[in-house]
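Letters A, B, C and D mark the chains in the order given here, with residues in each chain numbered from 1 onward.
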Amino acid sequence: MFSLSPAETSDVVRATREIAGNQPVLAGGGYGVRKACDLTLAIEAAVGDGILLLPDFLTAALQEGIANRVRAACRATKMAVIFCNHGMSQITARTLAQLCEECPNLIGLKDGTGNINTVRRVTAMMGDRLSYIGGMPTHELFAQAYRGAGMSTYSSAVLNFVPETALAFHQAFVAGDDAACEKLLTDVYYPFAEIRDRQPGYAVSAIQTCVRLRGFDAGHGRRR
Amino acid sequence: MFSLSPAETSDVVRATREIAGNQPVLAGGGYGVRKACDLTLAIEAAVGDGILLLPDFLTAALQEGIANRVRAACRATKMAVIFCNHGMSQITARTLAQLCEECPNLIGLKDGTGNINTVRRVTAMMGDRLSYIGGMPTHELFAQAYRGAGMSTYSSAVLNFVPETALAFHQAFVAGDDAACEKLLTDVYYPFAEIRDRQPGYAVSAIQTCVRLRGFDAGHGRRR
Amino acid sequence: MFSLSPAETSDVVRATREIAGNQPVLAGGGYGVRKACDLTLAIEAAVGDGILLLPDFLTAALQEGIANRVRAACRATKMAVIFCNHGMSQITARTLAQLCEECPNLIGLKDGTGNINTVRRVTAMMGDRLSYIGGMPTHELFAQAYRGAGMSTYSSAVLNFVPETALAFHQAFVAGDDAACEKLLTDVYYPFAEIRDRQPGYAVSAIQTCVRLRGFDAGHGRRR
Amino acid sequence: MFSLSPAETSDVVRATREIAGNQPVLAGGGYGVRKACDLTLAIEAAVGDGILLLPDFLTAALQEGIANRVRAACRATKMAVIFCNHGMSQITARTLAQLCEECPNLIGLKDGTGNINTVRRVTAMMGDRLSYIGGMPTHELFAQAYRGAGMSTYSSAVLNFVPETALAFHQAFVAGDDAACEKLLTDVYYPFAEIRDRQPGYAVSAIQTCVRLRGFDAGHGRRR
């Protein structure tokens, strides 16, 4: 989403729609209010089902400002909106509860903050009113703790290049087999994390490089 | 520990020893290598059983420096040493594993960082070689997530002024009764957390004030 | 720039071009490599003279990645490029020196980091190869220190609503009249700064509100 | 100060007193209120002239708490007190002004924060009521900017191992010879800074190592 122009996002949604059958198609969006709303409309026009609303650009915001932006995006569309908590734009449980009352199409929260206190409070407060997606970098490293905090679904970055490992971890995780999870963490995830942590930015570009190593074209990417 | 002079720490250990019977008596210590070792010896002389080793003063340290300091404290005493991970002085799983090999009297880790990734990695790596203590401010807010990361014991700050609530939470927590934990979080802990979060420093001084409200003398305290 | 769509940026450049006579017209741009290059081309097509290149979106970058992005923007255009140092995307003096060799149309650095060490090193290293713009929030609060570090030109936010004060400060600043600067800081700038500091985000929205109080339309703004 | 026990601090003060003649002798102190006051009394008993009051240990503090601690130390002694602004314990210009009214023996501020906005505001507000000491790591890198902000005296770390260079910089600095300052920055200080920045903690330990290279015993040091 970082590297795509708005027109490219539309193209990707349309292409995905064609092969997705009945599966829901969501796309990422972000930046300021106007850009976020424009992108929402573009995704909807491309027959997408929802938007993952990433943060605004560059500056800190009050809860009031964060809420205004989410509200504007939700009102601009009939699609589903999932808010992504990240960076300088972090929503509180209280603000999220207010938005849930006002915006029936706000259906989920993805968390990339690692702020486990807020995660716990949101799940205690909103229960099954929202869907939750753990979204930490290499989230398997955090998955068991996030489940303790009430967030048991997550997105997997390594799924893009070692799907068999990602699925094995997920299977062990769902089965509550902590020993099997630990073994995979120790054998695969911690060694990978050590490579990833060598430089800032590798959380994304290490994934891209691994995808290329598996023979796929990872696109022009982030160019970093 | 922040407010006590070394002599006062010794006095507190001696007084606790007298009434503790067979219970282990530990005291907090910290600061630079020399001061930490001196305090360790003083606690041992006062017939304490161990030291909770808090961070060094004021500056960042490499893993090598953190390890040297823990090693020095462990070698200075036959008592048990529990390392407290906190602030600028954060130990990695790898450094901790190395220290565990060298220092048989390094028996535990208390974590006050909220870095759930490191917590998970330490418990995966060290298993039951160490005892673990969750030590976040008002740790009940984090307890379920920390358990997910393999750390199921914690210290409770509110135990000092609402012991019945702290024990009720602990009982529900041990029983795995997440619904009862959530109810206490919602009814008691989140309202308390909102008061505590009003100002930096309240994580300690709000506890002191509450202890006073229950009729106990909380000492001259932090004076903040 | 945060609130404008790409099409609106083009419109603003064209409108400014019409009334600007021989004055250079620059516009802000940012985000990922592709978006930044697209916006650069759009500004050039609208007969702008240059771009102020703001940071990428959301994540940390290595010096190599920052350099790649600046290089791509410089190569995409014959216009002048001014790099804005800000947030997670902070360039070092060394990287900047390398880019200055490769990109003759990289003509300036705007600094919004407050990292006075880097500012000093850049001006010592690059001298008059680059133009410099101090770009801290309410930069007059920093202007004398930045001049000490070799950066004596700045952009003024309060110029938008109290131009007489901003010009009086600038006049005193250029004349080296520190006493007059201090008086304006004490009488006007520090009281304003206290309002601005009440909430995160006010550095921008307090300016917008003040502009409105002077009777101008500040646009739909940041909506925060 | 980090590595000395209270008794060692007294010893150092006494030894310095013997050779200092009429020069004022100051020593560093810090930690919690009680420890800071005890150390102040010990320095006074060793016939010191003043204390450099470093921050409290480990946690954030409100302005009220910072003020209480400074007030307690000032009242505990007739010696001069210089407050060191650093880390989590950062005083505002407003709090400092209040303390200056109450505590005639609060005579100076040392700044190690790099917060040039606060530095400028303090010097504008307090003028020559206080003495000022720039205290950034390798402060020569910041000296010209700090002078722009009204703080033209500083402590030099490299003076401990290359006194001729430190004095040459100081001489150029006092003479306002910016070209000579820049030459020394480029030839000596920036290369040294690159070594120092290789690892956290080197700001202190690189100095210690260099002192040893010059043939002096730098003590047991920080052991990091």
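Rule of thumb we're sticking to: a contact is a pair of C-beta atoms (placed from the backbone, for glycine too) under 8 Å apart; a residue touches a chain by one contact, two chains touch by 3 or more.
Computed from a predicted structure; not experimentally measured.
Any chain touching subunit A that also touches subunit C would appear here, but none does. Of all chains, the one whose mean C-alpha position sits at the greatest distance from that of subunit B is C. Over half of the residue numbers found at the subunit C and subunit D interface occur in both copies, marking it as a same-residue contact. Computed from the mean C-alpha positions, the centre of subunit B lies at a distance of 46 Å from the centre of subunit C.
The geometric centre of subunit A is 34 Å away from that of subunit B, both derived from CA atoms. Distance from the subunit A centre to the subunit D centre is 46 Å, each centre being the mean of its Cα atoms. Within subunit D, no positions touching two or more other chains are listed. The touch graph of these protein chains is a ring, one cycle where each chain has exactly two neighbours. The full set of touching chain pairs reads A-B, A-C, B-D, C-D. On subunit A, the positions that touch subunit C within their shared complex are 2-5, 8, 30-35, 38, 54-62, 64-66, 68-69, 72, 86-87, 199-201, 203-204, 220, 222-224. Looking at the complex, you find that subunit C touches subunit D at residues 114-117, 119-121, 124-125, 136, 141-142, 144-150, 178, 182, 185-186, 190, 193.
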